[in-house]
Amino acid sequence: MVAAVLQVRELRADYGPVRALAAVSVDVPQGAVTAVLGGNGAGKSTLLRAISGTMRFHGGAVTAGSITFGEQRLTGRTPAQIVAAGVVQVPEGRQVFARMTVADNLRAGLLGAAGGRGAAQKSLARVHELFPVLADRAHQRAGLLSGGEQQMLAMGRALMARPKLLLLDEPSLGLAPMMAARIADTIREINAQGTSVLLVEQNAALALRLASTACVLETGTVAVAGDAAELAASDEVRRRYLGVADEDAAADAEAGIAEEAERPVLRRWVA
Amino acid sequence: MTTTEQRTAPAPQPLEVRDLTVRFAGLTALDKVSFTVAPGSIHAVIGPNGAGKSTCFNVLSGVYRASEGSVRLGEQELTRCSSNAIADLGVARTFQNIALSAHVTVADTLLLGRHRLTTSGFVATGLRLPSARREEALHRDRMREIAAFLGLEPYLAHPAGVLPYGLQKLVELGRALCMEPELLLLDEPIAGMTPSERQHTAGVISSVRDSLGISVLLVEHDMGVVMRLADTVTVLDFGRKIAEGTPAQVQNDPDVVRAYLGENGETGHIS
Amino acid sequence: EETGKGDGGGGDEGGIATDIGVTDDTITLGSLTDMTGPYATLGASITQAQQLYVKETNEAGGICDRQLKLEVRDHGYEAEKAISAYTELEPSVLAFVQFIGSPYVTAVKERIDEQDEVVVLPQAWSASLLGSKYIHMIGTTYDYETINAIDFLMTEKGIEEGDTIGHIYFEGDYGENALEGSRHAAEEAGLTVVEQMIKPTDEDMTAQVGALGRAGASAIIVSAGPRQAASVAGVAAAGGLNVPIIGNNSAFAPQLLATDVGPALMNEFYIAIPALPIGSEEDGPQALSETYSAEYPDAVLDSGVVAGYNAISLFGEALQVACDNEDLTREGIADAMLSQESVDNGFGIVHNFSDPEAPSSLESFITKPDDSVPGGTVVVREAFASDMTGSFSRE
Amino acid sequence: MTTFLELLLVGVSLGSVYALIALGFVIIFKSTEVVNFAHASLLLAGGYFAVVAQDTVGFWGGLLVGIAGAAALGVALEYLVIRRYRGHDHSVLAIVTIGVDIFLLTELARRIGPRIFSYGDPWGNQMVTIGSLTVPQTRFAALVTAAALIGLFLLAFRYTSWGVAMRAAAENRETAALMGVRLGVVSASAWAVAGALAAVAALFLSIFPTAGLDRDTGEVALKAFPAAIIGGLDSTTGALVGGLIVGITEAMATGYSSELSFMGNGVGEMAPYLVMILVLLARPAGLFGTRELSRV
Amino acid sequence: MSEPMTLSSLRSPQGLVAYLRSPQGMKAAAWLGLSVLLLILPFYLERFWLQAGLFAMAAAIGAIGLNLLTGSTGQLSLGHAFFLALGAYGYCVFAGDPDSQLVGWGLPPLVAIVMAVLLAGAAGGLFSPIAGRLRGAYLGIATLALIFIGQHVLFNAHDLTGGYNGRSVPTLEVFGLSFDNTRVLVGGVPFQAMEKLWYVGLVMLALGALFARGVLAGRPGRAMNAIRDHRIAAGVMGVPVARYRGWVFVLSSMYAGLAGVLLALVFQRTVPSYFGIILALEYLAMIVIGGLGSVGGAMLGAFFVSLLPQVLTKYSEALPLVSQPGTGGGLAPGEASRYLYGAAVVTAVLFLPGGLVRLPAVLRARRAARIKARAESSRNMEVPT
């Protein structure tokens, strides 16, 4: 198996008193897609923040463990240095620069990148080809884009920098099925071009289909890790994260009903 | 008991959207869109990113002004109402990009939903008049009921802003429910949730409809959930309505497949 | 007094009656100054001059066998601090030999008259402070000073009936009090006054001078700060408006002579002042400037030095009188001040403190900038009170 | 008519100096969204360094020292104070700058003491005569400088990646960092620029027709607030236009004070703020500022 | 809910002890002690400190108002001093002696106070349409205009304000007892204006604080926070945003008005120069230092900002390198106190995000964290980096 380009070892991260990660170890093999699954609050975003060195923006910090990218040790580096090393993140919840135009948002994506005008032009062309809407809206304020459009912008912005390692936090969030599929293709494509990817995705089916290796976070610790296909096969993961325990909608509905049965019913409010 | 509730419930009024058109500088976000939400039904609006779904919600809730067309809730014309006037009519919504405060606790966030149902103003609360205290107590109880119903009770004291994404979505739903709405507008209520959470939330939505007998207008990209919940589906594309009907009908509509679902149907969501 | 709270005051031994601020061996005097605010320069000079006087007096054995002690509070010309400082010092001092900021003096005026009955020598020359038997201004007020200034313009600068003169003045009682003077004089002498009100933050006088030029002013009176006066002189000179300019005593600072506008100031600029300038050859100023420069080598010699020293030394005279009356109580000092009908402490003016309604003198010197002397001004007209002052009365 | 023209000219000459100060505000606001109340002390510091240095290195040398010194002070300020702030609320940072301002002003006032410095500037007190109108030559220098600098920054913001980085950092620090923006460098550079501009403004504030540089010279910085707002807090062009508007308003109000006497004395001080209110009523983000648009 | 329990338990001594041990018991005891202390202070403090305390109380009232506006509703205001001025001068005019040369309506002081407060509120109401259109820094500096316009009026409307030297403040007289400088012996201590006004100040502050707490804890408070954090969402939740912003502006101005009245009574004379930009900025500093959005914060901040300079000027001679003004060498006390004041503002804001009110919480958290860390490092050998 290929050498890991990103090695996370025994990582611990706290938000003040709140412990978000405890002794998490994850590998991203060179040129591979690695998926990170996990429920709400499992610590997925925290993991990415720790790698990109942005914990302090959330009043948090990495309190133990190490992160190495290739030869370099990332722990303790500034976000800018980490980007310069080739590690770029698409943060959770889009985070486009709302008051800047779409075009300037894309330019912002170039700030940390090496390479001259030519490279920039090429990246821009590629992003526009992936997401034509970004070309049409070049001069619209990013904040006015629709949710999905903003998601595309965030993705495109990250791609501008031509990263070595791409960290994606729920890239398909709020995307229409077709667009989700397009994102999936994109990930495949850039991965094929040699970019390693660490993919955090609620849409586990999609994630496991893309990834070669995967791990499942649960309340700040790695519950399962290994080959994506194997995980996809394991009942545990299928039930918890693929929601495909019972294939047919009927049973699904039953499950729903069953749930409702034991769920307290909300009575009508009579003032 | 659900049924008895429904019998006693005053039948909610239909929502009629007629030739709704919204233009922004240089683009038409909605173009003569018409549809009707039958009382007590769950009506889904789907469509590619940027199709105009949220814009439609923004008009319904008085955030945007319609350029043309009309929106009536029963006899009441909404297009000329301010957003708080619309809220007073019993229209509640959640937001696609979460609109919660980082500092305010979940409890207070939910209580904000009770604003339209309560009356005590500066003087009453400032002087702590008995009327104000009574009102506060009464509505806190109801708020707890709703929190319990959604499973938010453990988090009531937490600041809403730092909860994990999925929980924040639930808090938004709770805030909307606290308005005791007659019409509930949900903009991607289950985006960013794990399959199990999706099922849970989906269950909540249908149970709310059943037990309260209110109408729900739902925007969601997760076809699985749309299929399961919706009675009727309206499909938008580039601001135009391209299809309408039962979930089954629209799912097999070639236009819809081409514009939205995509041939290879790689939705990856529950289905 | 029957209070559990702090309160100065000593017994009366050796037959000398005392109450607040006087013990057997010290007399404590209050000084409310501004060393961090807009009047910091003035405040510094006054305070240092008064400290100098205290030092000299104490070395000479003090007054009434008691050493003088100065309690200084810097209020930075802020109301809250000024009032607080007064409240803090009042219970423990015999009198205030310095109080900068006429608004704040006015603010405590009632307390002074009705309750505290403490002598105060404000370093402000605005007529609004007259009328109290405890508050004494040293020298003439701005209104009389301005009348004298206009008299000088007419007698020696060829301004005649029918002429127009410009008056650039600060908002506030300094400027407005001066304006009353110029209005009166103009009426008396048949002149027209063109008024231009400015604020201490206005430092570029181009617009004002331009306006006066257009109005055909043949002389300009400046009741503002040194910077404004300098700007006026500079702009007028550069703009070819060659008219005499005369300012009140606060409108000049020797530091200006070193700046670009120095030449303009030494050309046709005059200052009316209520006492001899520090650079004068007379003994009083002479001695003061020497000792002061010796005590504070790198401090500037400006009108503040004279004003401060003048005030405290006049108070010293009153103190001596009170001592002779064997009454160092506040009441005793107040009476001693009022009893002084003609004192000359060597600064060229004879003061009369007997009338609370009038300043201690109506006379002014007219001086002219001259960088060759310490303090930068020389007398061009000896002390005089214009005839027009006689007819002057405030509403 | 000539009166009007003369006042106009005087106003422009005043305004060009205000514009320079306003530009300083705008730079800081654009890059950090902080309303910088410490600008007055930066300005005074710049002037002080310059006048002290020029005895030995001459006018131009002194000016350079002043600019460099104020820039350094700005950087120090950013590094020691602004950067240490962990929160997100910009109005809180504004308060911090108030504290800084009090501290610096006290120090500078103490150093300057009663002295009044004059620059040995090459323009002296010549006036320029246009037809029947005369204005100080220094003010032409100010106008040209202001226009040039403002043009420069206009281009810088629009076309350099520095500009993009600044706007990005101003809007969302975390995401900017994720784009590889070196936050420290960006905001430090902004403060450096602001300091340098303040030093230039200080020059024109304390040469003819004003008396010279003394402890109060910084106070004029206040007048740049309405200027910056009228133009739009995040617009460099706005700084110029706003500055000129304030200058002209002030000059007119002073020149026609007799006609305006019904409004009381000293209208000149207040008039710019009236104008500001009117402008804001018509355009809540100033003449050139970017409107805040938000959607959900 | 613990009330009946405590009442019954208080009858038995050990029950009392137990109650006092319990958290709410300690709290109650602390409050009791504090109030008693405040009530007896006039018998022991010098007039200087009483006056300083009264300035602080007035500041606290004003700061509470500003915090409602800026802290809780997110409307930055640099114009608070203007509304203080309205309160102060309003009182002077309404209560002023009709036959003095300045305008005075000669109303009973209590009525005059109410009217002055209403006047300030009305002015706030008039400005709120402008405020409603503006955001953030723009609103802040727009309100700055109020200061300059206000100053202009104060200086020029001579008949109302007395111009540059201000006008004297009619003494407060309530039910026959008058709060002026005439000495009244209370328990052997001569009570003059400051001593008497002290209690007026306490009452005003207590009422103001309780009212504000009620508002913030209740329905209006939630609406205000919603407006601050997410204007659009607030509207959609049924909050009439524009109207609320208007009302909050009115309310905050009324607090300022009340503070102005108290200030006037303490000064015994109102001078226009006081109500300038420095004051406005100080109020902003108060709420930020104390803690945005909370009543306690506003009060703490107000005490800090208004007492610090007093303490510093009074005791700065005690500091090293500080010397009596004019005696040459060293710092003047005034300068020293300004240095410290500036530094204090900076440090308070930088190192106490959330303000002085959060201080106890922060410290507690620190301790907890330290203990936790120690526990861990002892458990697993690796030391936190």
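A, B, C, D and E label the chains in the order they appear, each numbered from 1.
To be clear about the criterion, contacts are C-beta pairs under 8 Å (C-beta built on N, C-alpha and C of every residue); 3 or more make two chains touch, one makes a residue touch a chain.
Protein identities per chain, from UniProt: A, B = ABC transporter ATP-binding protein; D, E = Branched-chain amino acid ABC transporter permease.
None of the values given here were measured: they were computed from a predicted structure.
Visitor: Mind listing the chains that sit against chain A and also against chain D?
Guide: Common neighbours, chain A/chain D: B, E.
Visitor: Compute the shortest path length in steps from chain C to chain D over the network of touching chains.
Guide: 1
Visitor: Return the chains shared as contacts by chain B and chain D, ordered by label.
Guide: A, E
Visitor: In terms of CA centroid distance, which chain is the most far removed from chain E?
Guide: Centroid comparison gives A as the farthest chain from chain E.
Visitor: Count the C-beta pairs in contact for D-E and for A-E, then report the pair with the higher count.
Guide: D-E
Visitor: Where centres are the averaged C-alpha coordinates, which chain has the largest centre distance to chain D?
Guide: It is B.
Visitor: Return the distance between the CA-based centres of chain B and chain E, expressed in whole Å.
Guide: 43
Visitor: Express in whole angstrom the distance between the two chain centres, defined as the mean CA positions of chain A and chain B.
Guide: The mean C-alpha positions of chain A and chain B differ by 27 Å.
Visitor: Just curious, how far off is chain C from chain B if you go by their C-alpha centres, in Å?
Guide: Result: the chain centres lie 75 Å from each other.
Visitor: Using mean C-alpha positions as chain centres, tell me how far chain C is from chain E in Å, no decimals.
Guide: Roughly 38 Å, centre to centre.
Visitor: Two or more other chains touching the same residue: where does that happen in chain D?
Guide: 86, 106, 109, 222, 265-266, 269, 292, 294-296
Visitor: Send over the residues of chain A in touch with two or more other chains.
Guide: 144
Visitor: Which parts of chain C, given as residue numbers and ranges, touch two or more other chains?
Guide: Those would be 36, 44, 171.
Visitor: Following the definition at the start, I'd like every touching pair of chains, please.
Guide: Listed in label order, the chain pairs in contact are A-B, A-D, A-E, B-D, B-E, C-D, C-E, D-E.
Visitor: Name, in rising order, each residue of chain A that touches chain E in their complex.
Guide: Answer in residue numbers: 16-17, 62-64, 75-76.
Visitor: Mind listing the chain D positions that touch chain A in their complex?
Guide: Per the stated touch rule, the residues are 86, 161, 164-165, 167-168, 171-183, 290, 292-295.
Visitor: Which bits of chain C are touching chain E when the two form their complex?
Guide: 1-6, 33, 35-36, 43-44, 47-48, 50-51, 70, 72-81, 83-85, 87-88, 91, 102-104, 106-108, 110-111, 114-115, 128, 171-173, 176, 295-296
Visitor: Once bound in the complex, which stretches of chain E touch chain C?
Guide: Its residues touching chain C are 43-48, 51-52, 55, 155, 163-166, 168, 181, 185, 188-190, 192, 194, 267-269, 271, 273-274, 278, 306, 309-310, 313-314, 324-328, 332-335, 338.
Visitor: What part of chain E is in contact with chain A in the complex they form?
Guide: Its residues touching chain A are 365, 368-369, 372, 382, 384-385.
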